[in-house]
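Both complexes below contain chain A, partnered by chain B and then by chain C.
Here is the complex of A and B:
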């Protein structure tokens, strides 16, 4: 019987799943993913997670609990850093240890550190260490690693084409053709936030679908070219040192500047450290672009669906009314702004 | 800004700069800070922002700040506070000292108003010594407080001592001040027959060091009859910030102790909180108080892991999460209950010892 490795459907699952899955499958290991987030799962997570953590970690605790008894190994890599000079988040670094202290009788954890902060090219070493856990030979591991990287880069490149991540993930996993469902309308909304908040349709109350139903095309940070993100973040006085945060800030700055969007929604989770700072940066920049509507939503385990729907509808209404009013009001708005700026400088 | 502010003040004074200290952190500071900072930002950001606003109101025209590249949010304070203050239309110059060493030296030279490198080095040596002296007094006060005969006499003496030390700006003055301060503290009438409880205070540096923010937890514990020890000291913090001492510096022992629970540093004082607790448990301390600001990233990780430490090593841990709304009364009740528990445990152990 093949060895089963469990991967929780939380945190960076949404970004790195093709990499992990291809790697393990090429080694002849079966991958088990926890089920989609449900109310019950979240409740389990709340029971075990420390009270002060952010929603995403609480959800992740629930997923681990869900997987615990079904697998031989739990795969919880310690993601310190995946890019030069950046970190992911302190909670990601401590996550395997938090899990270990919260649960009894866990299956063995694979908590290899991924620290590419100083040398960005050594992704192979941690992967090799993972392979060695299963006593695979160097060549097998190398082969699997190469194949995993290929799949991951294919996955990332299809992300840039403006197709939503869950759809790509679905078609990749089921080996089916892509059927992009993003409406082609002229209303375009950018939805920025951490991937594990954007794509977990339970904790964000299926915001993507709601936006699509309201006739909006949704753009997420992954669809922005990394080069553009880098260009934007280089202009900030101090580099944002959370890699996901950097992507969010860079993407929203780029989208605000390019004027290709009608509205920007920042989706944060309650208790997320980086989000609290990013929101300030994004809100500050959004104030300088009054023609683009800006909405900030914070998710927690109690978010009521009705409240979110109302706010989204109001948001879309506002944008549409603005469009109807046409250029006239926009120009007036800009005048107002420049007047204010002059007043300050005098 | 707690005791670390002393360091900066002393250095800049030695450089011949005029230093404007913000008024002591007060209710107003907190209100100002939390009004303008992001809602879910951590408490230190809010307090220091309030401090900065008050200093700017007093007429400061330059702000010197540290920036880092850690995973913790502290590294981004300078940029974010700058953004907020600029939006509030304050005029000032910001000098950030960060990980870019050559640039830092250039900035230092500019701050030093034409002093040579030897003088700059002396300024650093002096202020470090001053901070060390202050901390020595604090340690002494922690030891004396549970044994004091008259309640509050240690705090009074310590305040006086720290005032004497803070006033000094040369090596000779400091030497005299040290003697005087030590004398002041040592002459407090003490009752050495008492057997005080030993309590460790661990947590995030800023909240542990700034008495206003932690509602003077250490003083309260002391007056309830606990000898307070803590692993977080401003000098140790400054040393461990230097890249050379990253691995071999004062944090090494904590890292070693925390290894079975946390394999990699998660930024901030996470590792110190865990390692410190474990070391205290090994030294047979009666309990540990863990202080964390609300939504502090590293301390949340620590909190999760400390629950396991508590189970494994059997040491009582009280976690206090502080935010701008924390009220005195609630905190006192919790501390009293905790100390009560420890006392009862101590008494029970004594009984067992007598019987056995």
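Here is the complex of A and C:
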């Protein structure tokens, strides 16, 4: 029977899954992913996770708990840095240790460190160490590594084409044709935030579906070209040193500037340190683009939808009524002007 | 004469308003929801029917407020809109040049930024109720002051006491301390108004472009001390409209009128719905680990609507 390695459906699963899965499968190892987040799974996570961590880490605890009795190894890599000059959030770095101290009877953890801050080309070394856990030869590991990179680049290029991540993962896993469902309408909303908040439909109360139901095409940070992101973040005087944070801020700035969107929603999770900074950076920039509506939502453990639904409905109404008024005023030959002279800021 | 009905069912109060074709308010009704939105709507409809002349015809209905979806099903609303839009539309009707709307209700508060009659930005308070009416209500009880007298008392203050208003719990301990050291009730009451205004502007109003004309509506707008505290803090006149407490309902009625222009025919079930036996009940679905709380609305013991499930399997009603 093949060895089973468990990957929690949380955190950077939503970015690196094609890479990990291809790598393990090419080594002849079976990959087991935890189930989708549910109320019960979250409840388990809350029971075991340290109180002061963020919602996303608490969710990840629930996924580990869901997996631990079903697999031979748990794959919880210690993600320090995945690209030059930036870091992954410190809570990710300590994640394997938090898990060890919280649970008894864990299967062996594969907690290989990934630190590519100085040399991104070093990715092979941690992958090699993972391969050696299973006593595979250098050539076998190298072959698996190459295939994993190929799959990852295919995955990333589908994302850049504007297809939503859950659809890509579904078609990739099920080996089915991609059926992009993003509406083609003329309402376009950018939804920015950490991928594990954007794509965990339980945690975010299915916000992508809600937006699509309201007729909006949804743009996420992964769809923006990395070069454009870099151009924007290079202009910020203080370096944004979180990898995902950099992507979120850069993509937001680019989308605001490009005027290709009608609204921008920042989706943060409760207790996330980086989010509290990113939210302010993005809000500040959004104020300079009054023609684009901006909304900030914070996800919490509560499951009441009313608050989120009210804000989303109002947000979409705001955009549509504004478009309606814009058309009327164009007919009358007027332009929307906002009186900035007496602005007070609080 | 053709008229439009707006129903705003909030956590604390249920408001109804009827307007004519020219958007003039013909009648309004303000009652407490008391945690039973269906009964409140039915009571409101009964009272409203008594007030209206027989020849009036309801041509369209709009619902808003936190129970807007439930209300929409109950009365047969032509449009169901969030309270942000309803309040903004209501304020723009009465004061067409309005640029900022402050709305403070029992459990939530919002700021709406309007330019040229269009909402351009809004914010609502987060889960904490510190910047809302319940903060004042709670402190008034502690002071033994009737909430109705709160505003007049605040206006009598000579030197408002500074009270930390960031958090209701801390505000209370701060207030007790000030009472013990001899501050007068008037000054404390005025200080509470200022604390709430500071809290509102720093949380809900943070980063928003607050420009006059400013309209202040919602239940808390009845409090003259609050109006005075806002004016002092901002340096602008703050307008409390005549129908400050039913602005959401007026907005919903106007939205209904807009909708009817397109749909022509109303779905209004008539004032008779106030006599129909409506009930709600809820159950926990055990179909998957999500354990969704599903809510059912029953009309004469027949289920007419369900919601609350994430997968949508209960939303479809079997006939």
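What we mean here is this: the second predicted complex is superposed on the first by the 325 of 346 C-alpha atoms of A that agree within 3 Å, B and C clash if a C-alpha of one lies under 4 Å from a C-alpha of the other, contacts with A are read in each partner's own complex, and residues count from 1 in each chain.
By definition in this document, a contact is a pair of C-beta atoms (placed from the backbone, for glycine too) under 8 Å apart; a residue touches a chain by one contact, two chains touch by 3 or more.
Note that the structure is predicted; figures quoted are calculated from it, not measured.
Q: Touch test for A:108: chain B only (first), chain C only (second), both, or neither?
A: Neither chain B nor chain C is touched by A:108.
Q: With the two complexes superposed on chain A, say which partner A:215 touches: chain B (first), chain C (second), both, or neither.
A: In the superposed model, A:215 contacts neither chain B nor chain C.
Q: After the superposition on A, what does A:226 contact: first (chain B), second (chain C), both or neither?
A: neither
Q: In the superposed arrangement, does A:28 touch chain B (first), chain C (second), both or neither?
A: Neither partner.
Q: Where does A:180 make contact in the superposed view: on chain B (first), on chain C (second), on both, or on neither?
A: After superposing on A, A:180 lies clear of both chain B and chain C.
Q: Scan A:321 for contacts with chain B and chain C and give back first, second, both or neither.
A: second
Q: Where on chain A do the contacts with chain B and the contacts with chain C coincide?
A: 284, 298, 344
Q: Hey, which residues of chain A end up touching chain C in the complex?
A: 38-41, 202, 206, 283-284, 287, 290, 293-294, 298, 300, 302, 306-307, 310-311, 313-314, 317-318, 321-322, 325, 329, 336-340, 342-346
Q: Please name which positions on chain A make contact with chain B in the complex.
A: Result: residues 49-50, 52-53, 78, 80, 85, 87-91, 93-94, 96-98, 100-102, 111, 113, 115, 236-238, 240-242, 270-277, 279-281, 284, 298, 344 of chain A touch chain B.
Q: Over in the complex, which chain B residues touch chain A? Could you list them?
A: Checking each residue of chain B against chain A gives 38-42, 67, 69-73, 75-76, 78-80, 82-84, 87, 89, 96, 98, 261-268, 270, 292, 294-298, 300-305, 307-309, 321.
Q: Once bound in the complex, which stretches of chain C touch chain A?
A: The contact residues of chain C facing chain A are 66, 81-85, 99, 115-122, 124, 126-127, 201-202, 205-212, 234, 288-292, 310.
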